[in-house]
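In the two complexes that follow, chain A is the common piece, with chain B as its partner first and chain C second.
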Partner chain A sequence: MSEEIKTIKVTIDNITIDVAPGTSILQAARMIGGDVTPPAMCYYSKLEGSGGKCRTCLVEVAAGSTADPRPMPKLVASCRTGVMDGMIVKNMTSEKVPEARAGVVEFLLLNHPLDCPICDQAGECHLQDLGYDHGKEGTRYQFARRTFKKEDIGPYIQLHMTRCILCYRCTYVADQITNKRAHGIIDRGDHAAISTYISKAIDNDFSGNMIDVCPVGALTDKTFRFKNRVWFTKPMDAHRDCQTPGCCGKATLWLRGDEVFRVTARKDEWGEVQSFDGKPGWICNTCRFETKQTSSWTIEGLTTISRHSVIGANKYQTLEMPKETVKKVMRGVEPKLLMDIHSVSGVNNPDIHLSEINGPAHSSDFKK
Partner chain B sequence: MEKKLLLEKVHIEGIRHYDVYRREGGYRSVEKALKMQPNDIVEEVKKSGLRGRGGAGFPTGMKWSFLAKPDGVPRYLVCNADESEPGTFKDRYLMEFIPHILIEGMIVSSFALGSNTSYIYIRGEYDWVTDILENAIAEAKQNGWLGKNIQGSGYDLEMYVQRGAGAYICGEETALLESLEGKRGNPRIKPPFPAVKGLWGCPTVVNNVETLAAVVPIINEGGEAYAQIGVGKSTGTKLISACGNINKPGIYEIDMTITVEEFIYSDEYCGGIPNGKKLKACIPGGSSVPILPANLLLTTAKGEKRLMNYESLSDGGFATGSMMGSGGFIVLDEDQCIVRHTYSLARFYRHESCGQCSPCREGTGWMEKILLSIESGKGKMSDIDLLWDIQRKIEGNTICPLGDAAAWPVAASIRHFRDEFEWHVNNPEKCLTENFGLRHYADPVYVAGS
Partner chain C sequence: MQALTNKAKQVDRAPMSFIEKMYLPAIIKGMSITFSHIFKKKPTINYPEKTRPFSPVFRGMQILNRDAEGRENCTACGLCAVACPAEAITMEAAERQHGEENLYREEKYAAKYEINMLRCIFCGLCEEACPKDAIYLSETFTPADYQRKQFIYSKNDLLIPHPQENPEAYKKALGNRANKITVN
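Let's look at the complex of A and B:
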């Protein structure tokens, strides 16, 4: 007798999908992909216990399940709510969700310094994406923003707490993939802060992964700080035979010319570390901070990036236009494509392929 | 004078000690319960109609019947004695003066739920009460009411008191469990609920002090007798901690059939407003519940007299009603400034927000700052609408009810006292030295000096 794998049906924004029991609404939405997927600032599928905190992934549950079709009274955090058979979820099609989400974006930006022009995370910052996608123009906040002093936590990482949105991801990394957690959340409320215990240095082989999981520029790589803007660098998939136990050795090198400016873990379309053989591809500090010669790596080729538009040097390989009209599926709701940059701008159609240029592109590289 | 169930013997000298408490009929309910089937005790509590006294008013018997009972996994009963809501001090009184009633109620409840280890999580500031409880537990243990094989029944129970560290958020049941486990007191994301996965991942029931104490008269007199006290779904007696501008602040045990008017003005209870002042507003159930102006407090929108019970106080929803809450009855007279009062509450919630989820963490601080600027004469008219919008975006969008608790007082103040906010904006100088006073929502019945 073959064991039958039971699946359950969930409908998100009028698109029905079969998923395994125990899947969260957010994971189901990610399987559908595209605009149906709620944004997530604190949830990280590779970190156990993460999620539920930022409230950007709030969705409306219009029917709880086939057995109990009552709607849920409040918006729920899709990352931590499991799907039920016959559940009907409204994300983009909900009337309440966009407003609540815009509210959350406003709250998240309330004490955020918006120092993007000098922030190393700019260009690959989830808060920037979130602000553009779901936020409103301007702020109604008229008071001084909360500030903190910059703090060096360990030899490789700088903490700039002012930018932190308290997603707790880095504490989960420290808890789950390093063997000793030396930092955590101190204080509470809007004066809560990430800090090490009495400025204790974080000294651990895998501490660098905290930088990768940080959705904003609160944790930055000290070997890369102010060295370059991410959109001037060219991401290349590469691997090396790393001897550190637990390190997957597969990374993304961020090059400018032949110089490696930065090494990060490989990320998927949701900005999370990719999994290899079912295991998250965390990399060790040796790979990340100390192996910055191209000769130490076997380069596989350009990294394909679909989400963060300013990087990836025009390599939108995974971006596919929907085959059926999204508008019809969404019962009249327009998909949120702000502008097809390819059709209006020559910047993305240079005569020379950007990956072949060393350094920033100049006006002479483009069509007149 | 109505029948008292919890505070009947509180004035007997030495009732804090086991000998006197036992002589006055204490621990009878344990004797009775140990001869019953645990499920029958749960049924008895269901019949009594007892509702959680901590604030939400959820039926206790139903909560108990949700407790998961997997084999080989311990179950826990945790008493929530982290009473931190401004205006609420009933549990402290009960634990301080008649601690054995809580322990007695907890033994019965633990037996009913099959818990062999029970905890009292007490507010950190109640340090002297902790000593009283620990003494009482030691006395109970000496006399064979706790420990192994209680009174020869074969049932074992250990009871511990754990002090919190002074965080309001640890009164939220999942934050309480986190704190009890020795972690940072952040509320957990539900589901799973504590009845399935609570303390150390095991099924857990968390009940308020007063709820557990009320189990004693329920077992002694029977659930049906208990249900006959009170009215409708508000059965039994309720402790009200009255404070603010009243002649006789203190703890009152009421049977939930009296009117709010009687409670405030009769000499048996609060004894009226001091100095011949008029009633302006009241928070009937602890700082989190919506404030009501005098006219809506005394009569409902339908024109009926409002009663001191769950249904009547919430009659009209939040538009014209409030909530029974935890029974922290805060009375404001005509000299009180609603803006200042709201600011003071907002400051509390900002300070006590755990900072885990963004709407509460950022929104509470924002509301506090706006309220301070209005209160200090620097507000703009648009700030009032902004406040309304902020509270709306916090309410219902947070992990735990602290977000709602922070939003409701602000919402209710603007809903009922918007003109007072506008007066502050229009009179930036005057509002620093004068109060808005009563204006149109004056107490219609009681005129100063009459």
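Let's look at the complex of A and C:
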């Protein structure tokens, strides 16, 4: 009988691994992990049909299979190419791949506004990482970048079409996770744009997951908009008993002091939503946008952040606070506080709770 | 132990001679050095009437820059704060509303921006980190004060004067580095 599980051998950057038939090169590379893995901007393993659009995962296939060891004539998109027995793939060891990828990055950044100082995604942006890791220093593009009319797509999600790289992930989220898709990509070529068409608000319970899958800052959390930079907030794993069917209730809280500034799904090492018991851990809009009190969550501890990430800056897992010694030495006399910073400083005012403001803060919020 | 240089001198513990015991020759020798300085060039200057020439790389008090139309350059991106080794810089951002376009250059701006001058070490990393040419270290000293609370500098203390409303003060605040700044 055909009960036995057939595995096929594939060699990526001189590392051989046995995988099940039907696995894509990218997935096989992710099983090996590390530098072998090509970057992916549009492919999302938890979304069916994603991939094949951004071309950042291009690899060189040096030998097609044992049966037909001829190399593939062109670089192939690893997210959409299945492995064959005896296939030899070159990613970082290839001479062509880094050059081709730099070209792809240049194309992705052609129309990108490069407004990272304003963008809320900065610090956790895949396009930023890609640009730094695989891109070139300058652009040769000299024309005006495309712009779009600003569109309001509801109270929770902020759309910045100029930053979009048309990866289609958000449309797959709407198709596969929410029961109704209210937005899509309209027009073609240079004019192609994410739109809700006649500005229909996206108000599905799981629409917030589009923010998590967006690799750039095109879709960002409006309730977090401009509140703080990502690297100044402290990510904490937390869970709550969520009643919404389909919501896993496990999230990452982004704290500033004791205030919850933002709630996101938990991310794995590839920047995708983590899976729990084989199911992707999507979270509902109630958890994401409306549960911003630490009391509603059971906090598990600090999220593990890659030490190369700016988000890990100034955060200490085992911080031992120095003990106050003055009182002990001075036989019970309290130390004299020379200055209470809140009496002078306007920043981090204990009377202004930014997390309670829906949407970005305005000048009127600070006049109190 | 072997000496690193040949400048080491052995301490002479021999008893003093008669001339040394008189002390006067040594005192005269010392006083002659002291009085000779009266006729030398004075190294002190009458600050603040006179100031020393600044080094071209002198790093003084921070200034928040404006563009030619007087709009604030800062977008509260937080790069200065994350670069600051003394953690002296804090800020809070806000969204620009309609009617505020003449105040702030981009849609996000720093509603609050503070530098704790008690912490600042004038390293200039904030200036290096800034992608918007918004903060730079000027050629002025941070003024001394009697109270600690005076050293928490808010936007009022840091912002450069408006280039159109107060062009003279703006030019003065820019200092001799004006060319470098306006070129962008």
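Note that the second predicted complex is superposed on the first by the 306 of 368 C-alpha atoms of A that agree within 3 Å, B and C clash if a C-alpha of one lies under 4 Å from a C-alpha of the other, contacts with A are read in each partner's own complex, and residues count from 1 in each chain.
What we mean here is this: a contact is a pair of C-beta atoms (placed from the backbone, for glycine too) under 8 Å apart; a residue touches a chain by one contact, two chains touch by 3 or more.
Fair warning: this is a prediction, and the values are worked out from it, not measured in the lab.
When both complexes are overlaid on chain A, the residue A:295 reaches neither chain B nor chain C. Within the superposed three-chain model, A:107 lies in touch with chain B and out of touch with chain C [touch as defined at top]. Residue contacts after overlaying the shared chain place A:179 against neither chain B nor chain C.
In the superposition on chain A, contact of A:225 is made with chain C only, not with chain B. Looking at the shared chain after the overlay, A:243 reaches neither chain B nor chain C.
In the superposition on chain A, A:118 contacts chain C only, with no contact to chain B.
Those residues of chain C whose C-beta lies close enough to touch chain A in the complex are 75-79, 81-82, 87, 90-95, 97, 100, 106-108, 111-114, 131-132, 148-149, 152, 154. Residues of chain A touching chain B in their complex: 51-56, 58, 73-75, 77, 80, 99-100, 103-104, 106-108, 110-111, 140-141, 143, 165-166, 168, 184-185, 187-192. If you check the complex, the residues on chain B that touch chain A are 167, 169, 184, 189, 350-359, 361-366, 369, 386, 393, 396-399. Against chain C, in their complex, chain A makes its touches with residues 115-118, 122, 225-229, 231-232, 310, 313-314, 338-339, 341, 343-348, 354, 359-363, 365-366.
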